[in-house]
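Next, two complexes with subunit A in common: one pairs it with subunit B, the other with subunit C.
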Partner chain A sequence: MELTRRDLLKGAAAATAGAATFRAPSIFVRRLTQTSAQDNTIKVGILHSLSGTIAIIERSLHNAELLAIEEINAKGGVLGKKIEAIVEDPKSEVRFFKEKAEKLILRDKVVAVLGCYTSASRQSVLPVFEKTNSVLLYPTLYEAQECSYNCFYTGAVPNQQLTDFVPWLIKNVGPKFYLIGSNYIYPKETNREVKALLAKHGGQTVAEEYAPLGSTEFSTTINKIRAAKPNVVFSDLVGDSIVAFYKQYKQFGITAKDIPIATPITTEEEIRAMGPENAIGHFTSFNYFQSVKTPQNDRFVKAYKAKYGEDRVTNAVMEAAYFQTYFLAQAIEKLKGNTDPDALIQEGLPGQEFQAPQGKVKIDEKNHHTWLWARIGRANADGQFDILVTSNTWIRPQPWTKVLYPDKDCDFTKVPKGSKSGTITTKT
Partner chain B sequence: MIGLTGLSRSQLIIALAVIAGFFVFPLYAGAFRTDQLGLFLCYVMFALSLDLIWGFTGILSLGNAIYFGGGAYFIGLALKLQYAATHATRYGEGAIPDFMTWNGLTEIPRWMRPLRNVWFAAPAGVLAMGFLAFVFGVITFKRHIYGVYCAVITLAESLIFEELIIEKQAYTGGFNGITDYDSYSGSLHFYWVILAVTVFFFWLSRKLTTTHFGMVLRSIRENELRSEFFGFEVANYKIFVFTVAAMMSAVAGGLYAALNGIVSHQDIGPILSIEGVIWVAVGGRGTLIGSMVGAILVKGAQSLLSEQFAWIWDLLVGFMFILIIVLMPDGIMGALLRRARRRRAIAAGRMPAYEAARIEETPTT
Partner chain C sequence: MAEAVFAQFLTGFSIVAILLIISLGLAIIFGVMRVINMAHGDFIMIGAYVAYVLQYYLHLNLFWAVPAAFVVLGLLGVVVEWGLIRQLYGRPLETLLATWGVSIILQAGIRLTFGPELRYVKAPDALSGEFPVPGSNLPFPYFRLFIIVLALVLLLMTYWLLYRTDLGMHVRAVNQNRAMAAVLGIDTRRIDSAVFAFGSGLAGIAGVVVAPIKTVSPIMGFKYAVDSYMVIVLGGVGRLAGTLAGATVIGEGETVLAFLFNNVIGELLVFTMIVLVIRVFPQGLFTIQHRRTENL
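So, the complex of A and B:
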């Protein structure tokens, strides 16, 4: 056979393309392996913002999920099939979340989606999941009062963070609370529960205040706090406001010894952003801290740093993102590879247990939420938390917290088939 | 027909072919792409309205999304009230929207009740937005605020409305927006309705801009003072076109809300307003077709690129903008139209080639 010029060119082109693939940054390599994948993979959608205002935290969730998938695949995948991650970037905008969720479900036909961070993004995609009967695993702590047939909530709900925290604060710090939050649903709901717990345990609300989302100017608030002389400032500020508030608090000369800030939302990530000196001594209640001492957590932190950089910190939401990926893999394994959404929702996922970095966790058999541990941490000079209290046992999630809604619950075993809402009233 | 549209025979054929293409698109594409194209058409109408005020009249508005978002909120709220009345939501409550329950409302406020009828809400939204634009227009243009100052004022208006929507969460759903109601996504007929409205708006915009009225608009854009000296009541022209554009935006927003199934504060804020300006700039301002091409091209590129390159797509899109604006300062259609005119001029022997080359350098009007 004679070698023509055209053949040579073709060969050269192929070689260049090959070399380019080999040398190109991992994004291109990932893409190629993705598109070449056949039916011997299990497709899972990853839907977290990689750009925009909430990208910092969402990228960490995305990273944790990819880490879990890599680990699962390294151990041979699920029943011999590799998990294939299909990544979309909804750009911190609600309308893109919906568009990308539709794309993952309808075009890529993923088995399930791991995704969302804010309640706004979750609520924008849930109708899509319900309409197409698909599965969403959602890792964020949130205000609860929601039970969707198509969603599994692996983050904490208020009862898992507050039930021990508020009485502990009353006993160890003092009974007078100043509540401050960002002005939207999560802080408002959290504060309702805090107020109920304060009333129950002999505490007192001196003031309740809401700052516009994203606000970074707190001098008026801090002056008011000074005047009100509370024992505890209970903060549900989110995002950039957290960093600004802690910093200005210190600038005004109030230390944690005078009036500590207590919060269910400030993680290692925000402390890294504000600088540890601004957070020293303030309290956070969470299921997980990077400083938790378990063999699983040592492995998790080490693996995360090895993959993404030594200076990275882990946090509670990404821990949930990490173990929910395992929940999904185990559920598919339990169903012997069956990925029918109804089978996953009714048999695969409920009751699924996993030895997570925070301890053993479990998806509740009835309400689609997750049994988690409760911990109280105090920020130290290294930007980490000294864990002061750990609950004796894992805590059952109450999507409708008993303090506020004694006769409401979520139970998907009791609602009629086909209902998308699992909420029931226990008292008739 | 030709007289009605003001298009030449060949232009009419092209226009009909394009419309036919859009008409049959869903028969070949899946539900996902059809919905997506439906949303793009809503953006096309938004871009058209912006082209009327910016491209033709020279009013740079960074608040056009107020009217788009406003229309969207009217429809979103109407559909949500309807849905809540007949469905217990996943929050276990019924009768009133969930965001009202969260904010301590126990019944729908009296003034909002008429919105339960979507056939009332739709025209009410469009008229309300028209009225709002009229008021803003009078304030701005009667006081001879133009250029950068006009852009700043409209931007501020846009910010105020976004803030209001987030703040008044008991009535608007706040930061979470309005979601979880019956949308028309997946409906072929609704897609065709959107297409029909788009075609109608294009026709309307052409009517407005190719007539004597359009000539006055252009003269205002080129030299406002001189137009005034000629005896034209410039402010009134501006107020009129601003109001018409706002109502077009409101219709587009309403269709968008009905198709998309979510309305959020981002639909009313400055980001969408500015995105609109980019679409018109990329497509070519003052050409109508350009704004439509720009909207579809940029939105399409965003979608396709973000599916392929989830990690760096914003950079790619940004790079594309810069490239287009640098290479074609008048946008895509502007460049094409100029080339076509030059070719025609040479072919007709009206000017030598070296002379024609100068057209490349002077801006189109």
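So, the complex of A and C:
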């Protein structure tokens, strides 16, 4: 037998590898077993704050994603493989989001990450996803004007919440709007669109006002609202401010019959925190409400309450977190188990449809955002919404809303293969 | 317009009252013991959770929560003073860190017990409506009136305790000259304990009254802590009038400016003003001018 140089090298490599396995400290051994387990599971990262300021809402997204994974696994997983959730807690701090995203991608080698809630956290992790060419699914409604090759946006963008809502309010409540929001990008961008829609449909902006983020004292604002006598108060306050504002609004004696509050952001969760009597009669525009009547929603609400407690409520962001988990599972199934990020981004996820609790939803083939339903709800005495209007059809997402940016769009099918940037096409 | 200005003025009073209630406890503790209680905001938070527990689990009216929170937080104050602050007396930096630790423990404890969600506390039915302000048809919430009255009651009660009782005389003696007071037979440790307990109890009451108009969550305390530090820094320590002045300037200032401009500018101008005032009067607007034999 002739020993070639190649054989020798192979033997040496095997010996070294073997020795490494035996001599290595326990931490390496554990990692080796982890890698072998990887063959039977599909690893998915879950990146939502479980502590800190934003945990109030992000924990519910985390819960919804785990529920979806549990359901998928109970039905036999994806192509016979179970989904393994790797959970990280970024503690409501932007820098931890970045660190934990890197950890999930580089160390755990997850197929994709479901995560983030605020725009700040999304923008801090996006460079990581772009650099490592990984996939992020982001469930929050947000101010849009963004299109990342590596991100899929499953929450609503302003055109899906406002296009029907503002004209409906003008027609059914009145034309004079008082805009109030928290002082950061989402409310400002939303209000820009509201103002454009008001101008287009014959409405009128009486005043536009912003409160410091986290502010809980609104008596002055309420006095100003009373003096300005608008027909509608359009609020994009967020977080704690929502609860304080609705409570004080009622305490100062303004009811929904006098001047209703209309908002694209107040969910069942905030109503639970403020007490239903403070929200009664006010309007919210969303894709999903807990009170949506579909068999899928009945099952979703029942399963969520069974897993997390009878007094829990579901909300629109959670619902997106829930169905985006299914989007990912279906995309991997479609690719026959191929989890290559480019395959997922170009073939797996675009065009993916799912019968979600809100109705059938779809990831747009071109712009990575999601086709959703539009609904207008009025808060009732049980802390739920009576749904007054449901759109006739699902609504196409416009990352650059047509009212403000008629010439701007985002289309990944027109971008040459391999290019990760320059995704915004300006029609000429 | 005149009506709106009047309404604004009244509203301002209610904000002053809230500031007064949340900073009274801190002012007393800082004034007498020279201890900066970093957990003050979290004591307020615990007070709010006392209200939540009484209402949600025992179905008791919010009025009951006022004495209950005073007692619960008073006891907590005794424990913290005895276990921590007494051990660190005369070491302000360590006290600062230790009470900050207490703050973290309290937040984490509440989060573990009740979860991170916002909690709902209802105003008592008797106070849930609003009444027309005499001479106009502007509605004003009963609950805000209750807060204004309560702030006055607490202020008068504290004044009475400090200036009309033997205990108060001892407290003031300790405040002015600890060593001399001790020589004259005053048990300064007992005074410290009583002061800390009383201040903590006031924080508990503050938590109860802000619960129905603001939000209740494990992290709610921070905002109140900042506000109360501002009041004390502006007003100066060692005098109730200082706390009242600080609360009035900040409360009415913010309200008026927010009305004239907007909330963001209001906040900005008030903070700027505080910085300027401190630059000119480092001791705050009101401070007792007396000889100090101690190097504090």
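Quick note on the criterion: the second predicted complex is superposed on the first by the 380 of 428 C-alpha atoms of A that agree within 3 Å, B and C clash if a C-alpha of one lies under 4 Å from a C-alpha of the other, contacts with A are read in each partner's own complex, and residues count from 1 in each chain.
Please note the rule applied: a residue touches a chain if its C-beta (ideal position, glycine included) is under 8 Å from a C-beta of that chain, and two chains touch if they have at least 3 such contacts.
Small disclaimer: the values here were computed from a predicted structure and weren't measured.
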Which of subunit B and subunit C A:123 touches, first, second, both or neither: first
Touched partner set for A:253, first subunit B, second subunit C, both or neither: second
Touching partner for A:147 - first (subunit B), second (subunit C), both, neither: first
Touched partner set for A:183, first subunit B, second subunit C, both or neither: both
Touched partner set for A:70, first subunit B, second subunit C, both or neither: neither
Touched partner set for A:347, first subunit B, second subunit C, both or neither: neither
Touched partner set for A:273, first subunit B, second subunit C, both or neither: second
Subunit C versus subunit B, contacts on subunit A by residue: B
Subunit B versus subunit C as contact partner of A:88, first or second or both or neither: first
Interface residues of subunit A shared between complexes with subunit B and subunit C: 51, 183, 212
Residue ranges of subunit C touching subunit A (in the complex, touch as defined): 1, 3-4, 7-8, 11, 14-15, 18, 111, 116-120, 122-123, 128-130, 138-141, 143-144, 212-217, 219-220, 223, 254-255, 258-259, 262-264, 266-267
Residue numbers on subunit A that touch subunit B, as the complex places them: 27, 31, 50-51, 87-89, 91, 93-96, 98-100, 102-103, 106-107, 119-120, 123-124, 126-128, 130, 145-149, 183-185, 188-189, 212-213, 400, 408, 420-425
For the subunit B and subunit A complex, residues of the former touching the latter: 30-32, 35-36, 39, 88-92, 99, 102-103, 163, 166-167, 169, 174-177, 179-181, 183, 260-262, 264, 266-267, 303, 306-314
Complex interface listing, subunit A residues touching subunit C: 51-53, 55-56, 59, 183, 209-212, 214-217, 219-221, 223-224, 226-227, 240, 243-244, 247-248, 251-253, 269-270, 272-275
